[in-house]
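All remarks here apply to the structure that follows.
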Amino acid sequence: MEQLAHNLGKNLAKVAEILVSGGLGGTMEAVFQGFKAVGGLTIGITPGYDKKEANEHADIVIPTGLGLARNVLVVKSAEVVVALPGEAGTLSEIAYCLQFGIPVISLKSWDIPGVIKAETVEEAVNKVRELLKA
Amino acid sequence: MEQLAHNLGKNLAKVAEILVSGGLGGTMEAVFQGFKAVGGLTIGITPGYDKKEANEHADIVIPTGLGLARNVLVVKSAEVVVALPGEAGTLSEIAYCLQFGIPVISLKSWDIPGVIKAETVEEAVNKVRELLKA
Amino acid sequence: MEQLAHNLGKNLAKVAEILVSGGLGGTMEAVFQGFKAVGGLTIGITPGYDKKEANEHADIVIPTGLGLARNVLVVKSAEVVVALPGEAGTLSEIAYCLQFGIPVISLKSWDIPGVIKAETVEEAVNKVRELLKA
Amino acid sequence: MEQLAHNLGKNLAKVAEILVSGGLGGTMEAVFQGFKAVGGLTIGITPGYDKKEANEHADIVIPTGLGLARNVLVVKSAEVVVALPGEAGTLSEIAYCLQFGIPVISLKSWDIPGVIKAETVEEAVNKVRELLKA
């Protein structure tokens, strides 16, 4: 999964200049690493107050201290969201996208009515490109 | 659906003393009305700063001004959550229950892995009773 | 100072039915203890996610997980605020009162333009009574 | 006051690469304008959900929807804070600095025990430089 995230990050850098995530480890770190490898700017909006909580590929850290409520901010900062395979945290972010009317692409992630499904990184990135143009 | 909510509220009052919700209209109002009809205490945790935003069956109003981030507080205040049919807001609350490990009963609501399904108010209330005892 | 807080709580119960605070120890606990001794209802809006963080005199606990941002909720839930001697946390709550236009009585606490000063518990409680009537 | 803010922004750009503020108009806009004039990166952490609420000199907008609770995030994102003349919102941010232990320079702003006072932009910027080195 981190391979998928890294690959996504690398390819997203072709269509976007800034990538926002929850800023922690695992998928969030891998996607930042890929995005930065091609020169993008990364912003991690973290749940705690300690900036060191963020992964080392976050250029800018917003340490919210809001716990899980910070998921709203991660989503609302974006024009388009790509959801990677994940658990309930990812599901809450998809739900917030649907509430806000922010387009959310599910790359092998939750299949919820209203998400835009993508099976490959290429397909996801193409959809991001189109949505950012619109 | 509001009939279902009202009926749920009335029956929850047999097993719980306090009912928390997002405090607005529709389902949130109907369930409060039912709960108060049998003497329970209702707490509405609302998204805006204006207490008048709450429905008139909220005994106590916590006007958070946090927007959708207040969903976290609605969920985290509870020992057990019952989800009624709803859209993305309900889905975000189910997701938070799963993240926090708070038991969530889906009464004809979202069918997400990890929720406890119930088909009738009676079944939902019985499950709440058992969970509160545990 | 906790004697002052306890005494304040006891006397506030003559003019108010519900007392909200940050729900932790020290002053917040003493004022709840006094208020409950005369039968009032206490609500603790706590910074973390663990309900056990609240003092044992909180009847209702709203565990926000919002850290210091929960200070906004403590203030905004109230019709009138009484500030006891305290440090920067108290100062942030006074500042929020001034922003929201909520009357704030400073009982030997910060002397900021806009607060209503009181030298004794009796004076503070009389002012709360008048403000609640208005 | 906006002249002071603009001047502060321009000079802060000599010692810092990123400037965070509440992102709205008035002082927040003037300080961004000055900072950007010399090439710095500006981040506006706004209270509402609408990115258009931010002033046009914000390079990055984090639209929190948290209302006044977003003041915590503005402060906590920083290594050093400079408070300009302002009202209760500024006071709440100074209070949060003191709670977090973040150094806060009061440039003709609130005189609260614990703040570092500065009478001129030059003095404020020199203090920021020293604090960022430490």
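Order as written gives the chain letters A, B, C and D; numbering starts at 1 within each chain.
The rule is short, and it goes like this: a residue touches a chain if its C-beta (ideal position, glycine included) is under 8 Å from a C-beta of that chain, and two chains touch if they have at least 3 such contacts.
Computed from a predicted model, the values in this text were never measured in an experiment.
Peer 1: Tell me which has more C-beta contacts between its two chains, A-C or A-B.
Peer 2: It is A-B, judged by the count of C-beta pairs in contact.
Peer 1: Suppose a student superposes the Cα atoms of chain A on chain D; what rotation angle should they report, nearest 5 degrees?
Peer 2: Going from chain A to chain D via C-alpha fit gives 180 degrees.
Peer 1: Indicate the whole-number Å distance between the mean C-alpha point of chain A and the mean C-alpha point of chain B.
Peer 2: Those two chain centres are 30 Å apart.
Peer 1: Report the inter-chain centroid distance for chain A and chain C in whole angstrom, where each centroid is the mean of the CA atoms.
Peer 2: The separation of the two C-alpha centroids amounts to 40 Å.
Peer 1: Specify, in ascending order, the residues of chain D that touch 2 or more different other chains.
Peer 2: Touching at least two other chains: 49, 65-69, 72-73, 100.
Peer 1: Can you list the residues on chain B that touch chain C in the complex?
Peer 2: Interface residues on the chain B side: 18, 43, 45, 49, 60-66, 72-73, 76-77, 100.
Peer 1: Quick one: which bits of chain C touch chain A in the complex? Just the residue numbers, please.
Peer 2: Residue positions touching the partner: 49, 65-69.
Peer 1: Flag every residue of chain B that touches chain A in the complex, lowest number first.
Peer 2: Chain B residues touching chain A: 66-69, 72-73, 87-89, 91-92, 94-96, 98-100, 112, 114.
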